[in-house]
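So that you can tell them apart, the chains are marked A, B, C, D, E and F in the order they are listed, and the count of residues begins at 1 in each.
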Amino acid sequence: MCLAIPGQIVELESENSAKLDVTGVRRMVDVSLLSQQGIQVVPGDWVVIHVGFAMNKINDQEAQNMLHELKSLGSTSLDDELALWDVPSPNFEGRKES
Amino acid sequence: MKEDRITMSHGAGGKSSHDLIEGLIRPLLSNPALDSLDDAAVLPLATFLPSCGEGALAFTTDSYTVSPVIFPGGNIGDLAINGTVNDLAMAGARPMALSAGLILEEGVSTALLREVLTTMADAARRVGIAVVTGDTKVVPRGKGDGIYINTAGVGVIERQWPMGQGHIKPGDKVLVSGSIGNHGIAVMLTREGIEMQSPIISDTRPLYSLVHVLLQAVGSGVHALKDPTRGGVATTLNEMAVGSNVAIKVFEEALPVDAAVRGACEILGLDPLTIANEGKLLAVVSSDRVGEALSAMRQHPDGTQACVIGEVQDNPGGMVFLETLLGGTRVLDMLVGDPLPRIC
Amino acid sequence: MKYMDEYRDRDLVARVCDEIDRVSKGQPVKIMEVCGGHTHVIFKYGLEDVLPPNIEMVHGPGCPVCVLPMGRIDDAMALAQTPGVIFTTFADMMRVPGSQQSLIDIKAQGADVRFVYSPLDALKIAQQNSERQVIFFAIGFDTTTPSTAVTIARAQALGVHNFKVFTNHVMLIPALQALLDSPELDISGFLAPGHVSMVIGMNPYRFIAQTYEKPVVVAGFEPLDVLQSVLMVVRQLSQDIRQVENQYSRVVSPEGNMLAQQMIAKTMEPREEFEWRGLGTIPHSALRLRPEYAAFDAEAHFAIPGRHVPDHPACQCGSVLRGRIKPWECGVFGTACTPEKPIGTCMVSAEGACAAYYNYGRYSMAREREQLVHPLVKGDE
Amino acid sequence: MKEDRITMSHGAGGKSSHDLIEGLIRPLLSNPALDSLDDAAVLPLATFLPSCGEGALAFTTDSYTVSPVIFPGGNIGDLAINGTVNDLAMAGARPMALSAGLILEEGVSTALLREVLTTMADAARRVGIAVVTGDTKVVPRGKGDGIYINTAGVGVIERQWPMGQGHIKPGDKVLVSGSIGNHGIAVMLTREGIEMQSPIISDTRPLYSLVHVLLQAVGSGVHALKDPTRGGVATTLNEMAVGSNVAIKVFEEALPVDAAVRGACEILGLDPLTIANEGKLLAVVSSDRVGEALSAMRQHPDGTQACVIGEVQDNPGGMVFLETLLGGTRVLDMLVGDPLPRIC
Amino acid sequence: MKYMDEYRDRDLVARVCDEIDRVSKGQPVKIMEVCGGHTHVIFKYGLEDVLPPNIEMVHGPGCPVCVLPMGRIDDAMALAQTPGVIFTTFADMMRVPGSQQSLIDIKAQGADVRFVYSPLDALKIAQQNSERQVIFFAIGFDTTTPSTAVTIARAQALGVHNFKVFTNHVMLIPALQALLDSPELDISGFLAPGHVSMVIGMNPYRFIAQTYEKPVVVAGFEPLDVLQSVLMVVRQLSQDIRQVENQYSRVVSPEGNMLAQQMIAKTMEPREEFEWRGLGTIPHSALRLRPEYAAFDAEAHFAIPGRHVPDHPACQCGSVLRGRIKPWECGVFGTACTPEKPIGTCMVSAEGACAAYYNYGRYSMAREREQLVHPLVKGDE
Amino acid sequence: MCLAIPGQIVELESENSAKLDVTGVRRMVDVSLLSQQGIQVVPGDWVVIHVGFAMNKINDQEAQNMLHELKSLGSTSLDDELALWDVPSPNFEGRKES
């Protein structure tokens, strides 16, 4: 359920509305579910879009961490693996806790 | 044909279209030329005039109802020329003459009509073909959509070997002349309720010249040609698989899809394999002639991206399957319904 | 495409699968991907072909199109056929059959049914057609609900009083609870839907690990996301750990989108109960508009038939959804029940388990059960 | 073409249609075959294949948008076969093959489509011609009107003399094959806002067989054939007068009009000369062959009422005039606008 | 066809024409047929070719389509373009140009304009579309007015409150009076319109014979009716008699249709004045709905622009209508003024004098004025 | 103006409504402008129709009289002619004077 895909903000039209780009395809999206809780959205940001709404920003650090885990597979000992399981609880940068 | 009423799905070129044609239209109008369901009917010229000897006439028709009438990369005018020229070309025929039937909606602007006809004339000139006969009807407002165009085309076939969706053989390779999905996505993104901007433009173009170089290079090594229009590559390959009772295996990795088309498909939950093309062809070529076929096509401006996307196997007959990017395998079915955006 | 192509790497896929094989040691494991989006990815990429054979994926009820009972579809069509109404819907709903016909059928008969990409597009249509009532057919799990909530709040702010919402939003957690409570459940662990989770966060899943003692991994929607999540479930099983892990941490935070949660709470309240196709009636599992928003509530403004249409007696969706049988073991699979004329919920949308088998899986299934190839391939087309 | 927008008049076959074709369409798509504006284009077969020698291909198209789809005496299905067969026949061509392009409106009933296709198949069988290639499109509700059909046709021309609206000579006689106005009035009486019952049925029928006996009997004595469809006899004669730069004089007294058609025209203030026919032809015949022509046509079931209705004069070129019942003379112009009922 | 074919007999035509010739003794006589229906018959049958050359027919203003001023057509189009309105009209009005465009143009642009055969059909459309306002464009002389009157009374009886009438009915007698009062009139006698007369009877014409001393013959619409009426005028002239005679006695009674007159009087009242195209403003020459029927009056319910559009300065219709010049003597005839783009009223409908010459008369005119043949034949088509 | 043509009543549907025939073409017409002033309309009657309303009955005697006049032209003396002018004032049969 819930087709949602990553896209990059290219332009802010208003506090609630921004132009999003997905490999050259552009559409206005509503960013109020981020901006209205103080999460700044600026051009260059990557967000996840569902039915025309930006639902969350994408945390690139987390993305790299998980990919790194995948890439380390088969090249680490079981102990290393066990350490990897202990995923740090996500702490999104720039997110206002409210 | 189970449904009581026609829905949009019956015109989308996929399974429902197939049901409508096979379940109603073809049986009622049945005759050998129609029954082959190839892009164009092939009629021996000798049946017209005994003195003509060998050689055949190719005859085809398509109606164009694209909305909007003008879309990124073209309009209904060049689409109507190119589409019918292409159906002739897919029979290996040299296009000779076109007819044009305009169905205009009351209120359509003369300026729009002029633009479309100008594009139509340019497209015909590009192919060196003339619209030799025509007809114009006007329907009341709300009974049309600006401009509909039907074109029919006649061409001449000089080749001496059988070719068509019934002549595919195990071992053959499936080639595509370039990236897929551009036309259908270019049009869809302009629709009300989607409204996305993109650099994607329709690939509408005439393919006879590309077919000509391919046939020159490979001759009887070409077993079938088909333009993957409505229903896209997936549907067209299924028609071929059924037509020759063979299996076709497609390599997802090999499919040429432009980045923006991929992006649009991801956003809308669509599969580029079921999206219409208007300037691409699928060629099924004997495996020993693939190299020549590819190099001939790639030297032509309309085939620079030509590549092999699949191969023909003998089992299971009538099926198309896809080897996924990840090495998995799945059935690749015809389009079901109309390609509509999904949210889930 | 960034954040997509990285997760479709064939080498990495092979490595994760090897690791799943190594960790699971050939033990049979049944993992339910709750979400239809996962089901779709599994079939689209043929992941069952690359997973070790001891790993069996069970396809859950997480498709809002599939779980909506026929009676509600009939209600939607009654609304759409009200003279003067413009009925807006996600295109997904267009072909879903009610007891007699679908939205696409009544559109063909003259109802003004239009598809939209976003609820905001429906609101725009209402603004542009102020003399007509414009109804939005709101469906979806927790992921989609906030967009409806924001749209209603905006309609109120802008005073678009001809805009109405026919609310059918459902909540994942009560459905999971009901599934977990069913006695015949045969599942070792769960992949939780990443996009629902980006709204609700991770805490709501903790009861599954704690009370029902099943591993839960919040999973993304790329092939490697799914496989990595399977690996994480298998590791928990092999280590005898039961916890809620987050594979999709690039998108999902533990607390979810708090504003989204607030917008839902502000505009909607739980219904006492709601019927789920294939799962029966589940208490507090769906939402309706709060009385403060009655001005925008289609159920408050239009007479709605509200007829109950029972599930078909031949339907075995309950058993499929609980992992008791494979789709093709249902007696009507591929014969009376096809995506074009579904009998049960799992055949309704492309995300349903049976539809996925029918559309994508026939070849691999054929390999499993050779004798079925021909009837299925030729089908009744 | 002065108007900014297309109106119904542009499709009615009369002066506005003429303006649209001459002022916009023909100039843009101009080529010799199209420019002749005959019922069918004539293409020498030798241009297709040199070995074909003498003989020519006739090629024509028409779209059918009649509303209602089913009308007294026929439906859009036989109309679409007969109309295109007739345009081939008017070129003196033996019809060889047809294409069919269906444009279906979402929601049209399968039963109606089946009825239309069945009629179409029957009509094709009656002429001994096959629909060899086809296309089906579905347009959204409110963008069509149930069923539109385009047919294109190819035929073969074996005659060796020139024939067509450019080959009429002073002294020739104008023959009509039977009563006029039946089709247009039969359809119009069913329209909303008119709602009259009548015994009038459409005259839709294929005319190739009648043409065949006529050509057998008179050969090169036939200078032109034309089927007076949209715009009626008045418009068709004007096209001929302009095409050959001659005057045509029509005798009102001689015009065969069925009593009920006359009555309907009196009620509605219409002129049977501007009403469409779908099973009649106008033949312009050398005056010394008129007797043979008439007797050949009258022996054919589709020409029992054949008669002379006019004669060709050399002055004033491009004009048609009518000698009235009472011996007065007036201009007989093309249809202006759409034939609409009058109250004054 | 009974009551028609008898009046199209070539021998009888010749005999009447001989008799007209004999009685008129070659004296030039100008007879105005007031009614466009007569004009139509004269041209359709080529009667000018069979009449003796000393008899000249002058074509009067009796066409309700032609005399309606452009401003009223503009008003009709404003009504037709009101959102939600269904605008019904006799098809005759569809192509008549207003100052910018015609009903057929705005229909092409999306206005819901439908033609009807009878005002009762418009009422039926109103009953079938009760949620929309249905306006009937009521035009016509005294012949047509009763049908509108009956329809309004029926709408009231049936309570069809979404039915509205845009009333433009005009009366023949005030127009004739205005014509007779114009100083340049050059007419020997009149054919009065048979169908107006079947409603109003013969008495209203008496003032023409008595005060203006012109013969009047109420004439039917078949060729022999017209010719016999011409003979009757000529006889009066030759005998120096001035009276109102009834050639059309098979249909017209002296008192007319009294109920029809009553229905008009019950539902309508004269306007203080009304503008006639080509003739200027004429007092008490048109009707509006009585205040008791305001519920059905489009002018009471909709804002109507009411803009006055003056006649074109090049227009010589007044002179044509008074018999001072022949149509082709107007400087713009057949060049700037054609039926497709008329400048003056006489070119508007097929019944107008100029249009009749243009459509039917070019050949006979060409015989009169040979040099005009070619420019006219080739025209600007 | 005012296209109106003769037709024959073939069937009465109600007091105000009748089916009219013109050489086989049939339509419902409103006869209230006759029937409501006591002029009976019965099948077989000829009436003049305008915009769907029967406006008057056709008086066949009058029709014959006028045709007879025409047919006598050229075959009568001037005196006969003068007598003919003196047309009797119309007296429609079956018409109720009111």
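General observations
Keep in mind that, in the parts below, a residue touches a chain if its C-beta (ideal position, glycine included) is under 8 Å from a C-beta of that chain, and two chains touch if they have at least 3 such contacts.
Please read these numbers as outputs of a predicted model, since none were measured by experiment.
Identification of common neighbours of chain E and chain F yields D.
Across the assembly, the mean Cα position most removed from that of chain A is the one of F.
Averaged C-alpha coordinates put the centre of chain B at 67 Å from the centre of chain F. Put simply, the C-alpha centre of chain C and that of chain F have 77 angstrom between them. Computed centre separation for the pair chain A/chain F is 88 angstrom, with centres defined by C-alpha atoms.
Listed for chain A are residues 1-3, 5, 22-23, 50-51, each touching two or more other chains. Residue positions 1, 4, 36-37, 63-64, 90, 107-109, 117, 121, 140, 144, 351 of chain C each touch two or more of the other chains.
Residue positions of chain B touching 2 or more other chains: 5-9, 106-107, 195, 259, 262-263, 266, 342-344.
Chain pairs that touch one another, listed by label: A-B, A-C, B-C, B-D, B-E, C-D, C-E, D-E, D-F, E-F.
On the chain A side of its complex with chain C, the touching residues are 1-6, 8, 22-23, 30, 32-34, 36-37, 46, 48, 50-53, 55-56, 58-60, 62-63, 65-67, 69-71, 73-74, 81-82, 85, 87, 89-90, 92, 95, 97-98. Across the complex, chain B is touched by residues 1, 4, 8, 10, 13-14, 36-37, 43-50, 63-65, 90-92, 94-95, 104-105, 107-109, 114-117, 121, 140, 144, 223, 339-341, 349-351, 359-364, 366, 373-374, 377-378, 381 of chain C. Within the complex formed with chain E, the chain B residues making contact are 106-107, 141.
Those residues of chain E that touch chain F in the shared complex are 1-4, 6-7, 12, 15-16, 18-19, 35-37, 62-64, 90, 117-121, 140-141, 143-144, 146-147, 150, 193, 195-196, 198-199, 221, 224, 228, 232, 235, 245-247, 249-255, 257-260, 263, 351. Within the complex formed with chain B, the chain E residues making contact are 107-110.
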